[in-house]
Each structure stands twice: as C-alpha cells, then as structure tokens.
C-alpha cells in the first residue's frame, strides 16, 4: 500500500530552538531506504510503501531519543492512501498547478 | 518504544455519512492485538508498542480499502513517545484531573 | 458556521511535564463563552460557532504566552464543518455506538 | 500574535478527485489580505497575524460550502506561535538548511 504522507516532529524538553533536531530528522530520512521526502516550513512530505514510511518516522523518534537525549517527542502525521489511482508528492503538486493555470487562462 | 497516540480516519469517495466506516475502524481495533484504545468524538486514543499501534492503523486502511471498497483515505495521527517516564491514556487523564482539583481547592 | 473540532496544544520550552499547562487550557475553555468542550487523553473536543471556537483556542495561546510565560506553542486542530445536517460532539459518539450495537446484534 | 501555520483541507461528499477544490483554496488564499502562503504536496504553509490566518481558513470553508456546494469539510491545522523571537515560513526553512550545511561541512 503506497502512502503520501506529511509529518511534523516536535522534540519536547530541549528548549525552544528546534532547528538542530529538524536537521537530524532530515538526515535520518536521507538514510532511510525506499522513501522520497521533501521538507517544507512546517513539516516534511514523505512518500513510499506504508511500512517504509512508518519505519522512517520511527527511526526519527528512536534516533532522537537514544542518540540525542530528547526525552519526549510529539509528532503529527497526515497519511493519504488510495486504490483508485497512483499518487505521488510531485503529481499532487503538478495537478493543482495545472488546474490553476487552466482556470486562470479560461477566465 | 511505547506510544500514546490519537488518530482520525476519514474515508473519501463514499459520501458524507461516515458512521458506518467509523464503526468498522472500531471493530478493526478490537481485533488488533496488544493495544488499548478509546473512541472520542473526533478520533480514537490508542496505546501500545509503536509497531502494534502502527499495525492497527494500517489494518484499518487495508480493511476499508479491500473489504469495504473505500477508494481513498485521509488519516491524521498524533504520536507521543517519551523515555523520561511511562505514560498511558488513563494516566494522562488522571494527572490533569488531579491538577484541576488541587488548583480549585487551593483557590 | 457550526464547528466540531479537536485540538491538542503543546507548550515548548517549559520542560517535559505538561500537566499544569493542560489544566490551564481546560480552565481557559471553561471561561470561554458559547462553546462546549470535552477533554480526552490526547486533546480536547470543542464545539460551537467557528468564531467562538477559534477565539477560545486563541485565548489558550494568549493566556499561556502572557500570563504563564510559555515561550513557544505548537497546536494541532482538526476542524469539521458541514451544511448537509447538524452535528455535535454527543451526536457523533451516539451514532457510532448505535451502529456498533446494530451490527453486533445482527451478526 | 504572529502565527506560522500549516493546513490541509479535505472536502467530503464530492468524490475522490480533490484537485479542483485545492485550486479553489489557493485562489481563496490569494484573495485573503495580510497573509503569506505556500502550497506543498500535503497542505499549505500560511503566515500572518492570528486573526488574518484564521479568517483566511474560514473563508476557504465558507467559499467551498456556499459557492461550490461542498457538503462537508475536514481540515487539519498545525499552529505555531512564539514570543521569544520572530519567525516566518522562509526563516524556518533557511535555519534548517544552514544547519544541514554546517553539519555536513564539519564532518
């Protein structure tokens, strides 16, 4: 089952500056097999098979807890699955841009 | 790694009445091993080991897609993990109620 | 426009014990006009007109920042609106429970 | 109170193809005063004063319900506020990229 997801990981108990931990999340994703990902300002798009995506997010929690001493983590995930057609991070963006262009040229 | 999570699953392409599908989610959770769960008005609290919790949510997607013909699903999950102390659905509620009682009795 | 929502507020920069702040959120909601709310283990259901619900959540942020010195806050909200029929925290729960009972009695 | 938020709006009861509605959301944001926004594959970053951001999201719901006959909408929002320093969509991205570059050059 293919997933296009978006997640936002918040480390707790490490103060208010989270940049260092967001960078570790990106590095953990880079080391995760079989997924695509793209960071934005409030989280990260992630795409792949269900198990690979969930394993990657779990790796972020495990790494922060055990190797970077983060005592508590709060993560929110949006998960999209579908069986009617294939989907990807790039296709979803392309379809909306195409729709916006066609609606502006027709008006 | 223990998780206290909360998830809300939205089936798409099946109209606006979702009660039937929320009931299937509850039945799928009931059949899932090693987790505790508690439905509320906008989702379901779920507690257990990371892999058991994620496997239960995956089972909800799989069951709705394959056995109930739901073409598309959008799920949001809040995931909490911590290594500083143990946590559970019940303890989290109890701690806040206790805090509210002590602050009202001291005022 | 009526809203049935669910929100989870996470204070940052105040350590890992959040019970005190969750209690303040509940007290702020109690003082908010025209809403109903019900805490669960991973957030709070909240119901009312859009503006009243959003004003209540804003009050939680404002109170924590200005009166309780919380430097940073991360909140997630699920918002449901519909024009096909009325909805409420209680009705949503009742409908699923009724569905679960009728499906178990018919099997 | 300044907000950096991220929201994902899901129209229900309109089938599984949501591109048209995502485009309407983008057009509604474009017409909303005093906010900045940036679409990604699973939602939209949005930045501005609390009231302006919430008003823009409300406009998306109102427009879809009343002018595009969407019967039901499910929206998830991540909201970040802070009083310790200023923040923006662009700064958050820049800080992480800078951290990633410095950590790769030091290794």
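Note that the chains are named A, B, C and D in the order they appear, and that numbering of residues resets to 1 at the start of each chain.
Criterion: contacts are C-beta pairs under 8 Å (C-beta built on N, C-alpha and C of every residue); 3 or more make two chains touch, one makes a residue touch a chain.
Chains and their UniProt names: A, B, C, D = Thiamine-binding protein domain-containing protein.
Every value quoted in this text rests on a predicted model; they were computed, and no experiment measured them.
Chemist: Going by residue numbers, if over half of the contact pairs line up, that's a repeat, so tell me which of B-C, C-D or A-B repeats A-D.
Modeler: That interface is repeated by B-C.
Chemist: Taking each chain's centre as the mean of its CA atoms, how far is chain A from chain B in angstrom?
Modeler: Centre separation, chain A to chain B: 20 Å.
Chemist: So how far apart, in whole Å, are chain B and chain C when each is placed at the average of its C-alpha atoms?
Modeler: So the centre of chain B lies 15 Å away from the centre of chain C.
Chemist: If you average the CA atoms of chain B and of chain D, how far apart do the two points sit, in angstrom?
Modeler: 25
Chemist: What positions in chain C touch 2 or more of the other chains?
Modeler: Residues 12-13, 16, 71-72, 74, 76, 78, 80, 82, 84 of chain C touch two or more partner chains.
Chemist: Looking at which chains touch, is this a line, ring, star, complete or other?
Modeler: It is complete, because no pair of chains fails to touch.
Chemist: Could you please specify the touching residues of chain B with respect to chain D in the complex?
Modeler: Chain B reaches chain D through residues 10, 12-13, 15-16, 18, 71-72, 74, 76.
Chemist: What does chain D use to touch chain C in their complex?
Modeler: Touch residues, chain D against chain C: 1, 12-13, 50, 54, 57-58, 61-62, 65-66, 71-84.
Chemist: Which chain B residues qualify as touching chain C in the complex?
Modeler: For this pair, the touching residues of chain B are 4-6, 8, 16, 19-20, 22-23, 26-27, 38-43, 45, 76, 78, 80, 82, 84, 89-90, 92-93, 95-96, 99-100, 103.
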